[in-house]
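Shown next, in structure tokens, is the structure this report addresses.
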Amino acid sequence: MKIAVCYKYVPEEEEIRVLDDRTLDFSKAQWKIGQYDLNAVEAGMQLAEAAGGEVVVLTAGDAAVDNSKLKKSILSRGPSMMYGIKDAGMSGADSSATAKVLKAGIEKIGDIQLVLCGEGSGDIYAQQTGVMLGAALGWPCVNAVSSLTLQEGRLIAERSLEHSVEVLEVTLPAVISVTSDINIPRIPPMRDILGAGKKPSACWTLDEAGAAVENGTRTHSILAPEQTDRRRIIFEDDGEQSIHALCEHLRKII
Amino acid sequence: MDFKLSEDHVLLQEAYRDFAVEQVKPLAAEIDEKENFPLENIKAMGELGFLGIPVPEEYGGAGVDTLSYVTCVEELSKVCASTGVIVSAHTSLCIAPILEHGTPAQKQAYLPKLATGEWIGAFGLTEPGAGTDAAMQKTTAEDKGDHWLLNGSKAFITNAGQAHVYIIMAMTDKSLGTKGISAFIVEDGFPGFKVGAHEKKMGIRGSSTCELIFENCVVPKENLLGEVGQGFKIAMQTLDGGRIGIAAQAVGIAQGAIDETIAYTQQRVQFGKRISQFQNTQFQLADMQTRVDAARLLVYRAACAKDAHEPYTHLAAMAKLAASETASSVTRRCVQLFGGYGYSREYPVERMMRDAKITEIYEGTSEVQRMVIASWMAVK
Amino acid sequence: MIKLPHVLVIAERPDAIAELTAGAAGLAEKVTLVYSGAREAAVNAAAAYYAGTLESHSFLSYLPSIAALVRELRPQLVLTEATKNGRAAAAAAAAAAGTSVQTDAVSLSLEDGRVSTQRMVYGGAAFQTQSGLGETAVVCAAAGLFEAGEKQPAAQIFELEPHSAGVRLLERRTKEEKSVNLNAAKIVIGAGRGFGCAENLALARELAAVIGAEVGCSRPVAEEEKWMPKEAYIGVSGVMIKPELYIACGISGQVQHMTGVSQARTIVAVNKDSGAPIFEKCDYGIVGDLNTVLKALIQAFKK
């Protein structure tokens, strides 16, 4: 079975700074692979290791698509080849646009029976790209999958909902979004890190992939929340008077 | 001159860091408190390749340079100095001399198991009466024709009791002084080999430190490492490399303490301000980070010189001297910035302060490093 | 405000059906509902499409019918719950309408017929304001976006047909662990390490029962101490809450926790350490013993 895992690279959260005008400054933030996408790569590897098969990875984005370090980083986790679709317009692409571009990538790679995605991207976390990719491909798609196995050639997925778990048999080809607790992504062994640079990769333009970036939404702003000024009325002890006074304040709310 | 790590070095460093943060850090306080040797993490590190960093691929290792090795020891030591020294002693003091001086048969017999962590390695030079003055070896090795017979004892041996392979220095000819010392590969289980009392330590309490006892210990002929009489030279060369590892451990301890202190001072409020807002805090942290960066560059320089097969004895000594004294000073100041909580075991900086001290002592005290450096400077 | 002609609501929990249809009624002339669960849960809709009780099918099997409905009805807005099924339905609706989904909307407004929403991004570091570009907007509403009003039974109920959609339900297991509904709670009590041990959390639960609150916790309580389930942890990588009142007990006030509660109307802190950073970020604070303070509060509000 040939499995494609889609991933997104995102800015390191801790390195994003909030400027005085509440906009975000990404200039010091390094790119990393979205943390939830690592669960999808791990799920793909475990499936391929258990049932045989090959795992390739696919990303779409702007300049960093063919960043050599990111490429090695994703390939060190086991996949045999990395595919990228690179276009400046991808930086602000929404989930619908991203899904259509990824669809073109999946079709161009060819022969894919299973697509795995993380539950959401590490930055925007809309949790939509996987399910929209399924819709775009016209394949069965299942989100919230917390366990994935191949049993006698049948793909069995456990779908973890708010109040119940569905055990589903999924017809291939299919698109599956996995939850972050489906596995603990491996720390790549040193030999896999050192071998990652020797693995093949391909980077396509939108034209080469036969895709276009078509957003269904427009982002007006991304701003840090305004800091609420808190009253900071502090009672310095837990004596009766203090507690009584606190209760008086609380009664106005409760 | 390029002060940047290569892409592969950075990727490997990220893996060391991920492992340290995810699997080593959560256990650090407990293994210190209970003096537990972290066997499970050792096994996991073996699988990842951390225990065979310089071992060539043909012997099952990662085949990576000293520079990457020091980033590994640093990342581990940032969160747990005990784990850092276990890896350092195993790699620098056991694997390295076998790599450097071992016969093809010895390499084949020991390196694959050491590289995967199936076996842990250790090194025995220090004796109750021969520490800094290592030439005063009392342990003897007698040529019995078809085997060697070892008698004596070793003290303060890191990884003792947990290790399967020990590089042991013993006197083969007392009349020759240091030139009468030879090196042997001793396996746990050789007849007459015993692990003695467990040392109760101030710091690095998760690492195992014991004495070793040899009572008519039978060592096969083929387990002589190098030539007869080369033991002291092998030991000194091994310690040169070991010092780079300990220097990296010291840099890690210091950086770990700074990282904890930044996080703490940014959230702790006194006199209506975060502690990090006080200029005293900022200046102290700036000073400390500058010293740690300086020490780290010395460590990297020594590692690069070793990798380039250039003389590095004095560079390793400088790196260890600077890094260990930095670690002691930085951790002490970090405890001070934490105030009362710094002295409490609730926070890790008190452990880091206890752990830091040993880096000024083992694998050559700071005084020994000064002797080495002065001798290289030809100051007589 | 000029209302939209038509909103399609897709929901499964009875509470969510009531809230989303009430919200939709405020936005649109006509509300159509797609729902599952109890048949009689259909309220405030001119027409309701029933996906059954989901005993023998996954909700995913109804997605083709939902997509067909969107293409047929061409609503100006599709409004879904922020549940796993809601997200899958939103994607199917958006694909059918040729648009994208505005997920986890914590606020929604209409300007010149355009639906605009706000949501948290970058782990709560920022809010994204976005709007739909096409004829139909699809919004996945965060819990608590709308309030339920009066409930009128739906005028008409139609059956929705399941299709295979490539998935076959083999088994449905009820989850043992009660998921914590912190998002929608008006009052939340946050438990921190200051409680000392899991048993002491009983006090927080008792106070919660008295004042009608849900109990959440800080990250260390869930992930390191494991006194509470992971679902209960409030903070950047956990649940982001927006209650009227947040009472932080034994919580020091680390940045990543505080980001998760920054949208609370009022924050109260109880901590024995006067230097705890939480006292910088609260409306009311009391320096004191958790036991003493919580017991006194329980007594006071029992009356």
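Residue numbering begins at 1 within each chain, and the chains themselves are lettered A, B and C in the order written.
Throughout what follows, a residue touches a chain if its C-beta (ideal position, glycine included) is under 8 Å from a C-beta of that chain, and two chains touch if they have at least 3 such contacts.
All values derive from a computational prediction rather than experimental measurement.
Closest to the middle of the protein, by Cα centroid, lies chain A. The largest tally of C-beta contacts between two chains is found for A-C.
Averaging Cα coordinates per chain places chain A and chain B 39 Å apart.
Chain C has its Cα centroid 52 Å from the Cα centroid of chain B. In this assembly, the C-alpha centroid of chain A lies 21 Å from the C-alpha centroid of chain C. In chain C, the positions touching at least two other chains are 279-280.
Counting only residues that touch two or more partner chains, chain B has none. The residues of chain A never reach two or more other chains; the list is empty. Across the complex, chain B meets chain C through its residues 26, 266-270, 274.
Of all residues in chain C, only 58, 60, 67, 83-85, 87-88, 90-92, 94-96, 98-104, 116, 121-123, 125-134, 164-175, 179, 187, 211-212, 230, 236, 244-245, 262-263, 265-268, 274, 279-289, 292-293, 296-297, 300-301 touch chain A in the complex they form. Those residues of chain A lying in contact with chain C across their complex are 11, 13, 16, 18, 22, 24, 94-97, 123-128, 131-132, 134-136, 139-144, 156, 159-171, 174, 181, 215-225, 227-228, 230-238, 240, 242-244, 246-247, 249-250, 253-254. Residues of chain C touching chain B in their complex: 224, 252-255, 275-277, 279-280. In the complex of the two chains, the chain A residues touching chain B come out as 68-69, 72-73, 76, 187-191, 193-194, 196-197.
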